[in-house]
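Across the two complexes that follow, chain A remains constant while its partner is chain B and subsequently chain C.
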Partner chain A sequence: MEVDAIPQQTQEQPAQIDSADLVVGILADLGQDGVLKVCEGFLNLSGSHRIVVLQRDPVGDPAVANSQSAPEGSSLSFLPWSAAGPDPLAAPTQTISIACQSLFAMTDKLGARACCFVASEMENATPQWVCQLLQPLVESDFDLVAPYYAPRMFQGLLNSSIIYPLTRCLYGKRIHNPFGPDVGVSRRLAAKILGANRSNNGGSNQTHPLSLLAPIAACDNLQLCQVHVGARAYPPTDWTNMSSLLAQVLGPIFIEMERSAACWQRTRGSVSVPVHGECQDPSQETSGLDLNRMAETFRLGIRDLQEIWSLVLPPATLFELRKLSRSTADLVNMPDELWARIVYDFALAHRLQTINRDHLLRSMTPLYLAWIVSYARELETAGPARVEQRIEHLALAYEAAKPYLISRWRWPDRFNP
Partner chain B sequence: MWDQVKQALNQSTTKFLTELAHLLPGVVALIVALLISCILAWVLAIVVRRLLAGVHFDEQLGRWGFASLKEWSPMNSPTRLVSRTTACLVILSGFLIGIAAFDAESTSLLVRSILAYIPNIVGAMLVLLVGSIVASFLARSVLIGAVNLNLQYARLLSLGVKWLVLVLAVAMALEHLKIAPGIVDLAFGILFGGIVLTLVLAVGLNSRELVSKSLERDAKEPSGEHVEEPFRHV
Partner chain C sequence: MAKRPGSTTDPLWYQNAIIYELHVRAFKDSNADGIGDFPGLIQKMDYLQDLGVTCMWLLPFFPSPLKDDGYDISDYLNVHPMYGTIDDFRMFLDAAHDRGLQVMIELVVNHTSDQHPWFQAARQAPLGSPERDFYVWSDTDQKYKDARIIFTDTERSNWTWDPVAKQYYWHRFFSHQPDLNFDNPRVVEEIIKVMRYWLDMGVDALRVDAVPYLVERDGTSCENLPETHAIVKRLRQEIDSGYSNRMLLAEANQWPTDVRPYFGDGDEFHMAFHFPLMPRIYMALRQEDRLPITDIIAQTPAIPDACQWGLFLRNHDELTLEMVTDDERDYMYLAYSADPRMRINLGIRRRLAPLVDNNRRRIELLNSLLLSFPGTPVLYYGDEIGMGDNVYLGDRNGVRTPMQWNGDRNAGFSTATPARLYTPVIMDPVWGYEAINVEAQLSDTSSLLHWMRNMIALRKLFRVFGRGTIEFLNPANRKVLAYLRRYDGEQVLCVANLSRFAQPVDLDLSKLEGAVPVEMLGYVEFPAVDRQPYRLTLAPYGFFWLELQQRDAT
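Entry: the complex of A and B
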């Protein structure tokens, strides 16, 4: 039992609640009405369930809330969820990680069948969207229900450029948002994730629970599905602080890649994962990105960071990058094949600890910005309908370059083109 | 007159030969001590090199965060650096033992003062080693951070930080070696101040806009309410 992972305040409250069927953790700032709206959606669940809702701020009088939103024959309990401990501002980057851990531990402790983590706000949210994540867990015994957000041209670019294609290529499952963060998880999978993190024993290789979801589910042959949940409202991106974002997101992915190397080296190709719900068409949006500045940062990287990149990237890649930097103004056209190999080389350097890991991941920022410039320029004229096609092309490039990754991973000194 | 000169010359020749005969055993002992220490150093260096190669010392060092030590090592191999340092220390010890064999009061004093000075040398070397590692680490942090902030003078900033730390480390090492402490203090103050002033001018004149934008952004954001959570962006 991972009782340590449950924040103290949350532990004190469920003394009266000794079991539940479903646990729903709401970390998103939905407000009182939003939470009640989500709870209304539970009426759509078939059968009667004892549902425990963990939330950041209490929903007024719990008794009122219970009477208003509990489905007939079901019970609904609210618990305050101080997921980030006594001071939520103390360790902002750990908020979701701690919240996830405590949700999984609570699910395990209460013997619940499944849990659902809600960390995002939706544009035009319907009451059913959280329930949609729960339904496959309850009705069809799935272990992981991943969200399938409506595709956006210029949002969630880190997912489109690295997380989705890399996860798909490594583990062979086409999960479009492998990191959620809004996910439905069975108790079986939650227990496996707690076990994986416990075996790391809080050391430097402690990973993020969300980064473990898809790899563990895929490697252990658990049942996976995706649900169309609509368009996600993304928080504004701080482009000046992109290196921190890269370091904090890519670190756990690369650590997990190292842990599950035996599994992904056996996997070839990829298969689609069943999708429930109705797909939403991508909406037209303007990029709002300062592409000139991004291209300039890339050129600055070529000028000043070559010394670091030469420790990570093979000479052929460096040569191609130098050629790219000579292109005029903001016309940086990075081929998908080159980008895939760069990501693989950084993953390998992370494993070999060629240089300090934080330096390594932060030094990738100019290259990532170059990919964004290249992607944005291509889609600016193509329109939103081409987003999925473009990402599919990138994912195929990752898959085509997988033998390169495997060769370099197995023989890092010998195989260095 | 001629007999007196001849006698004086004979006496001084005899004295010189006697002194030389006195010294000879010491010189022979010094040569023997040096020869033995050289053989011992050679054997020890081979043993140390093989031991370190067995535990993949060079690779491990990179993992422990001392990758920059490679740059300072002969043929980019810290294993060679350690084995050669061990050999040098053994030869130095043999030399000191050989000198002590002269058994003269002055040589004993010399040996004693050299031995007493060794901790200072080791301390200074440690300070220099740590200083260079810290300098490289900070220089790389600053370089990456500055490039990501799109600062055109990223390399200058990084070099400035590197030399700042190196100058500090060298001044501390010289202080440890007790070499002209007054001059070192003064030179360090001037050099350190100069580097800081250069950096302040370079950054201040080039990034007024950046600083004002940053201040404006900070003023707009209510303090403490904005929590950046990377996993919300993915």
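Entry: the complex of A and C
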């Protein structure tokens, strides 16, 4: 049991809650009504379950909640959750990391069969959406239930450009949102993540529990599925702080790549993962992105970050980037093959610690923005129906470039073309 | 002292380990006295972690008169002040475990130093007393006449007269190393206490020195006797009942069939060195013929699943030629030690790189064999940068010179006045520390060090090397050694050219039809296997590691 991962306040709970069947951690600010709606959804679970709900501000009267929401024979308990950790100013990814860690630890401590992490607000959510993350765990013995958010043209770009295609290529499973954050996890998987986190953090590697979900589940041949949960209400992107976000998100992913190298280097191609629920079509959006500014940032990067990039990227890539930077003011057309190789080269440089890791990942920002410009320009004219097709094309490019990654990983010789 | 748990959770960790043998004295000096020490070793542990090794094997660091470089122990439960204190050792152990490195130390139990209090008491104790019986005494030097002399260069007999005891005492090694009497249960108890002392501290493994010679009986060779195995079983029982995830390694320089009993039924040693394989690797290279290797592997019996061979190219001793025929020994002397100064006892006291004339391709080839043969590889310190040796130093000291860290004074090993070093650094233009050192090789991506690092990392990605079976293919071209390694769905084809000239080879891979060989270093696909002989061409001393993948994706 990872006692340290469970915040003190949560530990000091009525002694009667010493076991549960399911634990639900609600980090999202759903409000009282929202939480009650979520609990109503538990009525759809077959069988009776003792459910513990962790939330920041507990529902007013647990007894009321119990009588209204719990299926017969089930029970609902609410516990306050200081999931933010000791630093109220912690970055969102850090907050989610700490919250996940404590949720998994609580699941293990209570001997619960499974748990579910709720960090998002959904647009037009039905009460069932959280329950949908639990159902496969309870009824079909899955270990990981990942969310399949309705595709958005200009939201979740970090997932579309890197997290999804990279995870798919490495571990061979087409999980569209491997980083959640809304996920259902079996106790078996939660325990493995706690163990992996312990060994990584013993070596002072900063890991994120969510970054371990897909890799561990895939490498250990656990049961995976996805669930259509509707359209996620993405938090607004702080573009001024993009480099911090990149570092916080990619760091744990690259660290996990190091740890699981023996697994992903043997995986070839990818397979679909079962999907439950009904898909929601993407809606038309305007990008709202300042593409000119992003293109300009990319050109500044070419000028100012050449020295750093030359430690990471081979000459052929640097040459192609230079050609891209010379294109007309707002048009940057980055081929998928080039982008995939760039991500792989940064992953390798992260492993080799060619330069300070945080510095390295931040230096990737102009390249990421160049990809966004390229992608947004294409979809602005193509329309929302093209989103999934576009991402599929990118994912295939990652898979095609995997031999490049493996050969460079195994022999990181600087004498590359 | 409270018992500390093992540092690893995998009971078979040693099957996937990469062991690095080093001498504390030779690694890094932290206090400028010219002698390496534990604080210095701690300073260099990041280097070892970065190299990718997973277990450090330390040569003896116990109090000793140092007439045999520490293998003559006068106190089993302490650290020689030259190397630090027992607390320094504990800090080193913690630092190793924090980095995920296991630690193996020596258990030199066949003999002690004649300065050990046990021996000092024994020689003065009355005949037949418990103290006297700690060692093996005789009124004459005629007992155990069939036992060979091991240190033939210096010893004329396995018996030496002690004027104080007024009897002969038995010693299989130097005369200042009297053999303990393992027929005495008190000796066994004391050894168990020693074992427990270090295991309680958290040490992961014990290399038991000179195992075959523990017990002697008249009319026998005094090697590998059943009573020796009984003692080993006892030691193993102590470990299994009191500790988890530890390992016992046998140093038994014997033919494979004679080493096999030391694994017992999985109730004796976890590991044993494969001594006979090592000189045959060099023989095969020089003769450009795979037969010495395939022949000795064919003679190697199967061992229990939880056991493992320890493989090595070189170590702190001479390249031993005990387990070869007389003709083979003569050939090896001609091939590898034209200068008689290079020979000692029944072996050759040279490092890996000088043995192969500093030829980078030969060094890589031999290491590729070491890393892909069935067993756990043991690397000797300095060989990862191709260090040279000094044949003008006595005994085996020529291969125990200070580690060469950089081109600064004393090779960065010590800031002491050079004359104060325990032994001079290598300083000629070819092998000297200014030419061969860690710092230079770290900054050179084409260096041997980088190559070793990459190969070790690659080996660690595949369990087949440590745990898999081996099947030799026997192509018509005997200059090519080809073998299949298999484990749990992993299949790797290793092909090595033992010749200084490029070689073609046709391999019968028909039973693997449909497999796609992928060269593992560069991840390059080779043509798929079909029913026809699979033709490869190898550069001089070239080798391939080919992962055999199935055509359909996962």
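Keep in mind that, in the parts below, the second predicted complex is superposed on the first by the 403 of 417 C-alpha atoms of A that agree within 3 Å, B and C clash if a C-alpha of one lies under 4 Å from a C-alpha of the other, contacts with A are read in each partner's own complex, and residues count from 1 in each chain.
Here is the rule we go by: contacts are C-beta pairs under 8 Å (C-beta built on N, C-alpha and C of every residue); 3 or more make two chains touch, one makes a residue touch a chain.
Just so we're clear, the structure is a prediction, and the values are computed from it rather than from any experiment.
Participant: Putting chain B and chain C on the same copy of chain A, do they fit or clash?
Facilitator: clash
Participant: Could you say whether A:Cys169 touches chain B, chain C, both of them, or neither, answering first, second, both or neither?
Facilitator: Neither chain B nor chain C is touched by A:Cys169.
Participant: Touching A:Leu103 in the superposition: chain B (first), chain C (second), both, neither?
Facilitator: A:Leu103: touches no partner chain.
Participant: When the two structures are overlaid on chain A, which partner does A:Ile26 contact: first (chain B), second (chain C), both, or neither?
Facilitator: It touches nothing on chain B or chain C.
Participant: Which partner does A:Leu245 reach: the first (chain B), the second (chain C), both, or neither?
Facilitator: Touch status of A:Leu245: first partner only.
Participant: Answer with first, second, both or neither: which of chain B and chain C does A:Gly269 touch in the superposed model?
Facilitator: So A:Gly269 only meets chain C here.
Participant: Just chain B (first), just chain C (second), both, or neither: which does A:Val227 touch?
Facilitator: A:Val227 contacts neither chain B nor chain C.
Participant: Please work out whether A:Trp411 is in contact with chain B alone, chain C alone, both, or neither, and reply first, second, both or neither.
Facilitator: second
Participant: So, A:Ala261: does it touch chain B (first), chain C (second), both, or neither?
Facilitator: Touch partner of A:Ala261: chain C, not chain B.
Participant: See if chain A has more residues touched by chain B or by chain C, and give me that chain.
Facilitator: In the superposed model, B touches more residues of chain A.
Participant: Do chain B and chain C land on any of the same chain A residues, and which?
Facilitator: none
Participant: For chain A, which residues count as touching chain C in their complex?
Facilitator: Contacts found on chain A: 172, 202-203, 261-262, 265-269, 271, 403, 406-407, 410-415.
Participant: Contact residues on chain C for chain A in the complex?
Facilitator: It is residues 98-100, 445-446, 450, 454, 457-458, 460-463, 490, 520-525, 549, 553-554 of chain C that touch chain A.
Participant: Where on chain A does chain B make contact in their complex?
Facilitator: For this pair, the touching residues of chain A are 88-89, 92-93, 95-97, 119-120, 156, 158-159, 163, 177, 179, 181, 208, 210, 234-235, 237-238, 240-245, 248-249, 293, 296-297, 300-301, 303-305, 308, 353-356, 359, 362-363, 365-366.
Participant: Would you pull the chain B residues touching chain A in the complex into a rising list?
Facilitator: 62-63, 65, 67, 137, 140-141, 143-145, 147-152, 154-155, 158, 224, 227-234
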